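As structure tokens, here come the structures.
Here come two complexes built around subunit A, the first alongside subunit B, the second alongside subunit C.
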Partner chain A sequence: MTGARTITHDNLAALVADLAAAGTRVTAPARGADGKVDYRPIASLAEAALGAELPRRSLKEFFLPASEPLFSWRQEGAKVDLRAVPTEFPPHLVLGARPCDAAAVEILDHVMGWDYRDELWFGRRAATTIATLACPGVDGSCFCTATGRGPESTKGSDLMLYPIDGGYLVEVVTPKGDALVTAHAARFISASDASRPVSPDPGPRTPDPASLPMPAIAEWLARNFEHELWRDIALRCHGCGACASVCPTCHCFDIVDEPEGVTEGTRRRNWDTCQTGLFTLHASGHNPRRDQHARIRQRVTHKFSIYPAKFGEVLCTGCGRCARACPGGMDLPEILGRIAALAGAASGPEAAV
Partner chain B sequence: MNLYQPYLMKIEAITDETPDTRTLKLAFEDPSVASEFDFRAGQFGEYSVFGSGECTFCIASSPTRKGGIECTFKAVGKATKAMRGLDVGDTMGFRGPYGNHFPLERMEKRSVVFIAGGIGLAPVRCVIWNVLDLRDRFADVTIVYGARSVSDLVYKRELEAWAERADVKLWQTVDPGGETPEWKHEIGFVPAIVEKAAPSAAGATAVVCGPPVMIKYTLPVLEKLGFAAGDVYTTLENRMKCGCGKCGRCNVGPVYVCKDGPVFSAAQLAELPAEY
Partner chain C sequence: MKELRDLARTLLADGAVKVVIGYEEGPRGVRPAFITRPEHAERLIFDARCTHCLPAYLSPRRTHVAALGKPAVVVKGCDARAVAGLIREAQLAREDVVVIGVRCGGVTGDPTVAELASGTVAPRCDACDAREPKLADHVVGPALPAPPASDQPDMLARLEGMSAAERWEFWQEAFSRCVRCNACRQACPMCFCERCVADKTQPAWIESSPHGRGNLAWHLTRAIHQAGRCVACGECQRACPADIPLGLLNKKLAHVVAERFGYRAGDDPAVPAPVGAFRLDDAQEFIR
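Now for the complex of A and B:
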């Protein structure tokens, strides 16, 4: 793979224009008419808000859309014809992803490829190059450092961008990133002697990883299915599922039929969440998770015990969106801090129960 | 085509088992799928009526019987009600087979005790025919089957066939009050009849399926009879959507029922949180 390069702002703008002209979709954090930053399609770099505040929603929807067709059907008498949806997708560049969002996509590859390959997920993965911007800042809800990530985490990224005077230092992470740089070599300047810029300050409130020790938390969760903690924190939860919606790693989905008239329609998959009572309700009326405390326990246990036991990584990148979105003030780092304290492994004063 | 797009199946025959339970015999429309399709006893599928969605059940026919599959279902939800509205010759969808299976190889040379309640006989029936079609590989075969009432017994013709076989001990029962004047078999709940039948636990494997309350009271009886928890198997019926370990719905503690199950031993169930 090629070494480090730099790209000027002007050349990055030209690169975005080149890609857009060649039919590559370009997505970047951009401010909408409401003033809010989300990952949005851009036609030129001027529309992007690289390094602005954390986009409200993660990159998940670009690989697992909130609602997507699985196939459509048409019926004629007793005969049914099925029409497949494409599993190959046009080229796509995500520019200025957050490290937490890029990492989440790679963490989800485990479950999406677990024995059965989800072609829709991996079709979009193959078509997409992720150019991540080293995280320019955090707020009090961020806790990426506790999940093994950080402002310069390269997990899930094909290219890493570090702001320097007049542009960015570009680090090639994967062959896919290399391919993009090579195909547009004229836009980049070789920077073998360029030193990496000083790391952005992770901020005073990003927790010390030692205060949220993931192995001790996983071990406590596996042993404490019944614990008063669950009922206590459940009092704040409305069961709305906002946390799952904004979460970069929550991937539960529903499969439903949407008839269009009588003889045709589309089977779709839609985002779903384990935080609603309907999620596990059997047709018989039996519901294995009848109470909200059982659903919160499921969300926390799945992320920090079940997923790491199955796939070797926690299902969380510490982006903090769940804490920002919750109307009831649920705060995942706070919950993890209480668990760490219960596990007797906490080392910080903030981790007290 | 992606993994959520089903095979098309033609309904070849319909059998009404009880007033609310029906068996469909399904044949693959694509001849190459029909010749290649294979499964193991205990595996399940996602069945669908286009426009009404998917529903999950075990394949009720035995893998020893080729040429399609059978499913037995009660019309309870949106998809099963739509399935009940289909006729012979109609087309439906099927994805599968998914999940693990009963350990038939481990059960060879051993006695097998089948215990089922109500529509719980459907997944057990698949194993029963699998064992009976390879009868010389197994020792004693005992079947204890019960339902709320005589009219709730499913697979009535097959119960007659099993009753006539010298190499099968069949115990049939209905709940007290569910009998008819003509009923010649047992009256009582399944756990009590298992205790009465008292199958030997020596070199035996038990397969249990039925309503949760039946399983709850049958497991202690089997334990009393000397069955080790590792020799008692059941199949879990959690709500599912994808069937292949993606959608997160059937996750219980450390297992995904669709991938790690649906077949579990009583020893494995004892380790799981009671979220099934």
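Now for the complex of A and C:
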């Protein structure tokens, strides 16, 4: 991999213009009509709001859209014609991703390529280069450091950008990132002697990882399917699923057939969430997760016990969006803290002190 | 605060209720609290951050809350309309809940923002006539001055001033952000159906896909089902992770219902809502 380089603001703007002209989709945090920042398509760097507030939704919709067709059908007599959707996508650059959002995409690769290789997911993954901006911090609901990530985590990123005077220091992380830098070499300045800028004070957004020990939490979860904690914390939960919709790692989907008249239709997949009763309702009327506490338990257990047991890492990057979005004041870092305390208390008298 | 905590402690200690649903300090501002032990009554607070409409937790679909036993609920005067709505629509018997009214000086609409100012006050607090709760078994707290008037632009007036095409464009943009997470429905005190029409699959009256057609069908259905029932607590809009201004639809329909039927969702459960009433002298001919 080539070493570090720098890019000036002007050259970054020119790079975006070059890419857009060559047919590459460019997505960046940008302000919309309602004044809020989301990851949006941009035609020029001037539209981007790099390093502004945390985008409202994560990056996952660029790989797993909130709704997408899987195929469509048309019937003529006894003949049924199935039309596939494309699984190859035009080149795409995400510029100014948050480290927590970029990491989430790589964490999701496990489940998307496990028993079945999701062609749509990996088609979009192959087409996309992610250039992540080192995180300037959000607020006290962040807990990325506790999940093994951090403001400068490179996981999931092809390139890392660190703000410096007049532009960015660019660190190449993957061959895909290298390819982009190499193809546009004239826009970059070699910076073999450039030292990485000093990280900003991490502040309250990055708790001491020891305060939320993930292995101890996973171990407690595996042993405490029935525990009063679940009924206690679920009381304020509305079961609204706002947490899952803004979560960079929640990836469950529903599959529906939408007919157009009698002979045509489309099969789609849509985001779904384990926080609703309908998610587990059986055709018989039985619901194995009848109450909200069972749904909260599922969300926490899947992220911090089932997923790490299966794939070796937690299904959470500590972005804090769930806590910010919750109208009922549910707070995942707080819940994990309570579990850590319970796990500590259970592991011996020394740990309980 | 002491009056509220003392009352909650007494209700729990005497066994009059099993849980007091109120407000407490959380990691991100104020949040709902479920106090089941007298010694935990100290956690209860009330201030301008207490925007949540707690009667939402009284609806029978909250099985995990109902399992605790008889509740007391802390309400602002405006929230009492939701208690009245649940009683009016036979979801709750008046004797099955102890209503603790708190005198209110306005809320900010954001549980993390404490300072009441013209830029932070919830627009619904403008011209509020319910700062002294009426539907309540107990009324606590000092009488507070009226909050400052909101300086936020009157979006409903702006929308009404638009052409139909401009309004269509406004809502198309807003609904395009909807991912159908259902937060608006779940947080609503008046969305208590055991099975929502949007969850029906055979037939699927409302497509669950968050595309233009599905989103329009959902939001229009939700709005119509709220006409004359919405208590204007603003929880749908606050819950929406996409910041869709759903309160505007509710407000417009409340105006229409007031104009056509002379009805406003109030705190008297004995006054029937137009959608649930049949009258031989109905002003609308088609229904007679």
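Just so it is clear, the second predicted complex is superposed on the first by the 343 of 353 C-alpha atoms of A that agree within 3 Å, B and C clash if a C-alpha of one lies under 4 Å from a C-alpha of the other, contacts with A are read in each partner's own complex, and residues count from 1 in each chain.
We adopt the following convention: contacts are C-beta pairs under 8 Å (C-beta built on N, C-alpha and C of every residue); 3 or more make two chains touch, one makes a residue touch a chain.
Since the structure is predicted, the reported quantities are computational estimates derived from the model, not experimental observations.
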**OP:** For A:225, decide between first (touching subunit B), second (touching subunit C), both and neither.
**Re:** first
**OP:** Determine, under the contact definition given at the top, whether A:280 touches first (subunit B), second (subunit C), both, or neither.
**Re:** first
Subject >> Touched partner set for A:216, first subunit B, second subunit C, both or neither >> reply: neither
Original post:
So, A:234: does it touch subunit B (first), subunit C (second), both, or neither?
Top reply: second
Original post:
Just subunit B (first), just subunit C (second), both, or neither: which does A:256 touch?
Top reply: both
Original post:
Thinking of the overlay built on chain A, is A:52 touched by subunit B (first), by subunit C (second), by both, or by neither?
Top reply: neither
**OP:** Figure out whether A:292 sits in contact with subunit B (first) or subunit C (second), or with both, or with neither.
**Re:** second
Subject >> Interface residues of subunit A shared between complexes with subunit B and subunit C >> reply: 254, 256
**OP:** Write out the stretch or stretches of subunit C touching subunit A in their complex.
**Re:** 26-34, 52, 56-57, 62-65, 67-68, 111, 173-174, 179-187, 199, 204, 207-211, 214, 235, 238-243
Original post:
Taking the complex as given, what residues does subunit A use to touch subunit B?
Top reply: 70-71, 73, 75, 78-80, 82, 84-85, 87, 111-112, 114-120, 222, 225, 251-257, 259, 262, 265, 267, 269, 272, 274, 279-284, 286, 288-289, 294, 298, 301-302, 305-306, 309-310
Subject >> subunit A-touching residues of subunit B, taken from the complex the two chains share >> reply: 1-6, 8, 48, 50-55, 76-77, 80, 87, 89-91, 93, 212, 237-239, 241-242, 244-249, 251-254, 259, 273-276
Original post:
Touching subunit C in the complex: which residues of subunit A?
Top reply: 33-34, 36, 56-57, 66-67, 140-141, 231, 234-236, 238-242, 244-246, 254, 256, 258, 268, 270-271, 273, 276, 278, 290-293, 323-325, 327-329, 331, 333-334
